[in-house]
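In what comes next, chain A is part of two complexes: it sits with chain B in the first one and with chain C in the second one.
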Partner chain A sequence: MSFKAAISRLDRVSKIQKQYNAFTYLNPNCKELLVKDGLCNTKKPLTNLLYGIKDNIATRNIPTSCGSKLLQSYKSPFDATVVKLLENAGAVSVGKTNLDEFGMGSGGLFSHFGPTKNPLFPSQDTVVGGSSSGSAAAVAADVLDFSIGTDTGGSVRLPAAYTSLIGFKPSYGRISRFGVIAYAQSMDTVGIFSKSMSVVKSVFGILDKYDKKDPTSLSEGLRGKLKQLSTPKSSYKIGIPQELLQDNIPSELQSGFLLALEKLEASGHEIYCVSIPQMINSLPIYYTLAPAEAASNLARYDGLRYGYRDDTADSKDDTLFAPTRSAFGNEVKSRIVLGNYNLCSESFDNHYIKAQRLRVDLINEFDNAFTHPNILTGSPGNQNGVDFLISLSTINLPPALSNYGPDCTSDPTNPYINDIFTTPMSLAGLPAINVPVVKSKPIGVQLVGQYGDDSRLLDLAAELL
Partner chain B sequence: MLQLARSFGSRIAKKGFHFLPDFKLKCGLEIHTQLSTQNKLFSLSTNDPFASASLPNHHTSFFDVSLPGTQPTLNPEVVLLATKLAVALNSRINMNSRFDRKHYFYADQPMGYQITQHYSPFAKGGFLELSGSLDTIDEDFKRIELVQLQIEQDTGKSVYRGSEGRSLIDLNRSNVPLIEMVTQPNFTDLKQVRAFIKKYQNLVRHLGISTGDLETGAMRVDVNVSVNEHPRVELKNLPNTSSILSAVKYEYQRQVELIQSGETDRYSGFSETRGWTGSSTVKLRSKETTIDYRYMPDPELPSVKLSPSAVQSVAQSMPELPDAVLRGLMSEPYNLTLKDAKILAIKGNGHDQLYTQTDLLKFYLDTFNCYSELSGQRLNPKLPTNWIIHELLGNLNRLQLTLAKAAEAFPPQKFAELLMLIQDDKISKASGKLLLFHILDETNTSSLAQPVDLGALIESFDLNTIEKIDMNELKEICIGIIDEISDPKLIEGIVSGKKKNSLKFLVGQGMRMSQGRIKPYLFEQAFKDLLEVKW
Partner chain C sequence: MSKVLTRSTPVWWLPRKFYSQKTRVIVGPRLKSLAEIKDYVGKPTWSVEEYLQTSSTSKAQPPSRKDVEKLLKLSGLPNENVEVFQATLGKQLAFINKVQSLPVDESLDPSHARIIDRNPEALDYESLSHSVGQQEAQKDKEIGEVGGSWDSTGLAAISENGFYVLREGLLKNRK
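Take a look at the complex of A and B:
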């Protein structure tokens, strides 16, 4: 991107921020980091590309808050691996983007910094989707070339769909999580937002590296194996999981879905109907495992070593750290309670272990649906299977902000239904991408590949644009 | 008040203690052992939990203080040491063990959970065998079975400052690798408990996996005690062997009294955790208030995968185990006493030691071999034992000289030569002692690194036994000694044969004057001739 274009984007940041609340912290040195055209001898792959990074990813120069009062103005002494890689590639950070506290939420409303709003609807405050709400909003508002989010159960794909962006969640383990503040790390995945597929591809190219600091990073050996497996074809078999064909889907979304299918058929791909029965259990599995991991991961926020600490006391009614920890938002609190309930000794076998078992069943069913082998499970692939899966990314269009609130107070599980299309892939660690079907409309389809089939998935997604 | 409580308590614990035949003691141990690895369990910070108190929170990485966004990476050295221990304890090693999180809030627990192995521990089963001949127990053999071995993190340390009304947290110990070993409740008396602790302690030192010190907390022992199958009580905060034994005694008597008074019903069904004050056990918590640790498999740490061949090669690389070493030393050709064998094979606490047991044992065995070649049929196994265990070690301590340095100047071959000179009466024992001390002293002060030339030294100090004795000269010396005696009764006693032992005194004087270079029997004969002793 040219220096001039970058400057003119930066000039709009403060106005956009006022309108949509996309950022938690802005990078004060942003302009100085831009390289004047022609000055740079060795042009780096992402030189002068502007990006924002979700505020649950550690950065040394700007605070890292997770959208929480508990970490308000916390400054990490180290950079996340993704931050280092992007910096080395010449990309320029505009700031940290807003999010649902610790990544928990699908609306972008549960942040200590207030809700983020959807730039597709400048005249009416509309839900942008979460939890990577600010990452989506800032790209949609054209102040960034790309942004980094995290996707645990749909937190990149859902806001991407609501803001008409490409939102890519790669296979689990391809991008380092070192420095990514854990919500549920058996699913937490760094993802990429952009309007341009070529930008998504080059950013993924920069970030798709083994990192020895991340114990879940995909090993060099397996990466080599993946490269050998990835042979592009001109015609793919694409399956529609019947479990993801839901009733009561708005007609705009339905016709968007059909439009995508027609496009794919027109470019020579074949559409099939497939069944992955365990998908219907995805939400209960997800909402058993993710809160359990969250309850565990968030146990460290006691205020003693960093972050917010209650002024008056460290314990209340014999409960250590209760005064400090009561500063978590309500959504986080209820997930911690739920998670601890799932882990307590009376329910562990009934809930957590059962959910783990069903998760394995789900992965086996995915393996059975794909022709591509799964290098992690050792599944050789099913010759009668499909290459990719397709579904809608969301069950609805983004609601107005004013309609969102009552829903979640009357029935706390209601907003979780938004994750119905996205959680199965998170549980299986599969690469999945939201592709906008109609320009500037919140209508997106989700394409899904077998584990590790990321590059062919991106090529296929490009055909839909 | 405290003083009174103390003396009352210690009287109970010490005086008149005996096990009552109708009240059977049943004990199990839970031992936490800090591993002496270079780095911590899941981070690269230095494993030095006892860094001087002036450097609190010095050995802490971002992970150790639980900064957001950090992740654990398993230190492979921990797996190596755990494997050694499991092999030595005959445990079945789990080829695919996993880590779990144990949740509880505490100020020195920075993550809000401890990473441990709850569901799938590193090793299961195994045993440590105690024997009457080696371990001071009443039974000929007593096998203590093990439940499991698990790898886990140590916590930080809280330092309470009562006067300031606050506590300080030191995380140097946080994330230090521990192995928790749990035994079956196989102990039925205190000797077994003491012997097991000593034996286990020596084992971890012998394998080089821990300092095994109770005083520093590198090894921590919890004991569970039950009497006549009543619910067990777990005893914690036991800083050393004597408090472990005293606490068990105290707890045994307390439980017996409860049973005798019929009060156990009040407690039945509740297992209790009690601490040790130094004089009595006090309730810390009981079952009703037990924390639910909400164990969860760690969602990001990979399982510890081992192959049988890897375990095999670790087993082959291990030194001979202490019991085998002891038994070897106590049989042909060494024939050491248990006490001497333990000096060579049982590790001390390792603080400011001048040698390791491994080095000492090697020096002994090498010297023994050289000596046995030189002496052939005339081998006297006591000679190397006495000269190494008593003379050499005594001198090393006196000179604060390390065995390694001593061995450079005075290697086993030379030591064996010295033994031969003594055995063949080429030099007297006294001269031998002088010579050994001189060599070590020189080594210490002038860093003499060249192996010494014994012959030249003996020449230069004129230490050779005097082969040809001028009988007149001998007579002169003896007369001189007799003249010096101021007590005529002494001489009378010798002549009359009433105080035969006094002759030894005269011989001793002669030995001293000749620095041992004239054989004592020559003196004895000369004195007898002079005094015309008839007996």
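Take a look at the complex of A and C:
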């Protein structure tokens, strides 16, 4: 990307922001930084690349709101590791991108800063997908070269599919989460959006590093093991899980899926039927575990030490901090209440612990499906298994904004089913990527690899572009 | 419960040779032509929409007012809109309650659900004392590990002389 192209992108930012509400905060020093880097003789790997960063990732110089009133003007005293790595590599931040409050939502509508809209549909307000809504919209609108999102149950892959972008969720633990504000820490993963696979690969190369500040960061030793295992092949066995085949899929999506499969077959890959039965239960497992983790993580927002604080009182109905915490949005409140229900002693064993065991069973089933070993579980891999899995990324095309809200109100669980194709991989920490199959259309397929098989997954995904 | 949602729906049309006794996972057969792929992709075996049917037609009583009031308190939320929370939680529970009825191998270790090394090397005395020795030198100012590097009340909306302020008085004076 040239300096000139970057400047012309920057000039379009305010117009795009007005139209799609992709950012929660624009970096006022962006142009200055770009010019300064342009004058510098040493070219860095990401020089002249503009990026946006989801507003649940801590930045020292500009606010970090999580799309919530609770943190609306909060400024972190430190930068997240990913922010430092990107800046050191020469990328310039345009600003913080909009999101569903604390990452809770799949539509991009539940933000204190208002909904983000989908740039693929300039003439009708359309859902962009969430929760990394602004990260997807800003790249789709061509004001960024790439953006950083987070994916807990599909929050990178779903908006990427709705906006015709590459959306990559690496294996859990590969990219540092130091400075990423937790929603459900056993699944939260930093992900990358772009239109260019070479940019995704370069950015992943910069971010894929051990970080001692993140206790879940994959160790140097295990990273070394992964390198030895990753032998590229010219022909892969690719499985279609029957559990991820659904009725009532729009015909355009189904045709896109077949197009991708045809392309892979024509490139010499072999396509297989696969059944991974525990996948069917991923949604109830996910919606048991994620809210429980969220309830714990969001307990810290009391307004006492940082963030928004109610103007007049610290207690209501004999509950400390209730006046401040009532400023959470409805979706967040309902997930905190559900999470606390699952953690209550009356339901703990039959809900939380049971869901954890089912999650282990799902991970073990994935191990039985893949040929590649799992360096975390110790599975040697199934010699008769497959190398990768493939499915659609979404069960539908992005709905109009006017239809989405009432649908959520009539039954708050309605949008939960949008995550059916993405949550199994989140529960197992697997690398997964949305690949757009038709240019500028919201039709994407998801490719999935065994834990740690990120590089080969990216190479395979590139064949579909 | 609907048949397709049961845990071990067998896939009878797949050849038995591909079925492993140890696991319910089935790999194969290979789909050799686009026609075979189309045929397979066009025959789903269950529908995710059944989760919504469960959630909207559930006959189960929504959680009681008393239970929801307790949960609101636990969640640090005001005792408001209790009926709305009752209805929402009722639908959410209908959605996730399938977890309760599923059979599961009780010998599975729930801590293996964490995506970390299941078989880490044990720390011996030497490596432990080495890492303790390193701690002081590795303290990070940026994350507040070095004394005096962090203004603890600097981000508080209300503070006094380096103390946080709670406007409701002491806990013992409340109900």
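One rule holds in what follows: the second predicted complex is superposed on the first by the 460 of 465 C-alpha atoms of A that agree within 3 Å, B and C clash if a C-alpha of one lies under 4 Å from a C-alpha of the other, contacts with A are read in each partner's own complex, and residues count from 1 in each chain.
Convention: a residue touches a chain if its C-beta (ideal position, glycine included) is under 8 Å from a C-beta of that chain, and two chains touch if they have at least 3 such contacts.
If you're wondering where the values come from, they're calculated on a predicted model, not measured in any experiment.
When both complexes are overlaid on chain A, the residue A:Q254 reaches chain C alone and has no touch with chain B.
In the superposition on chain A, contact is made by A:C66 with chain B only, not with chain C.
In the superposed model, A:L397 makes contact with neither chain B nor chain C. In the superposed model, A:F348 lies in contact with chain B only, and not with chain C. When the shared chain is aligned, chain B comes close enough to touch A:D214, but chain C does not. Touch criterion met: A:A58 reaches chain B, while chain C stays clear of it.
Once the two structures are superposed, chain B and chain C can be ranked by residues of chain A touched, with C on top.
By the touch criterion defined above, A:I181 reaches chain B but does not reach chain C. In the superposed model, A:S296 makes contact with chain B only, not with chain C.
Of the two partner chains placed by superposition, only chain C is touched by A:C273; chain B is not. Touching of chain A by both chain B and chain C, each in its own complex, is seen for residues 74, 77-78, 186, 212-213, 216, 295, 299, 302, 304-306, 314, 319-321, 340, 344, 356.
The part of chain B that touches chain A in the complex is made up of residues 62, 65-74, 101, 103, 105-107, 110-113, 169, 292-297, 299-302.
Contact residues on chain C toward chain A in their complex (touch as defined above): 5, 7-9, 11, 14, 20, 22-31, 34, 37-38, 40-49, 51-52, 55-56, 63, 68, 71-80, 85, 88-89, 91-100, 102, 104-106, 108-119, 138, 140, 142-144, 150, 152-158, 164, 166-168, 174-175. Those residues of chain A that touch chain C in the complex are listed here as 74-75, 77-78, 172-173, 186, 212-213, 216, 219, 222, 239-240, 242-243, 245-248, 254, 257-258, 261-262, 265, 270-278, 280-281, 283-285, 287-289, 295, 299, 302-309, 313-323, 325-326, 328, 333-334, 336-338, 340-341, 344, 350-351, 353-361, 363-365, 368-369, 375-378, 382, 384-386, 395, 411-414, 416-417, 420, 427-429, 451.
Chain A meets chain B in the complex at residues 57-58, 64, 66, 71, 74, 76-78, 80, 177-182, 184-186, 212-216, 292-293, 295-296, 298-302, 304-306, 314, 319-321, 340, 343-345, 348, 352, 356.
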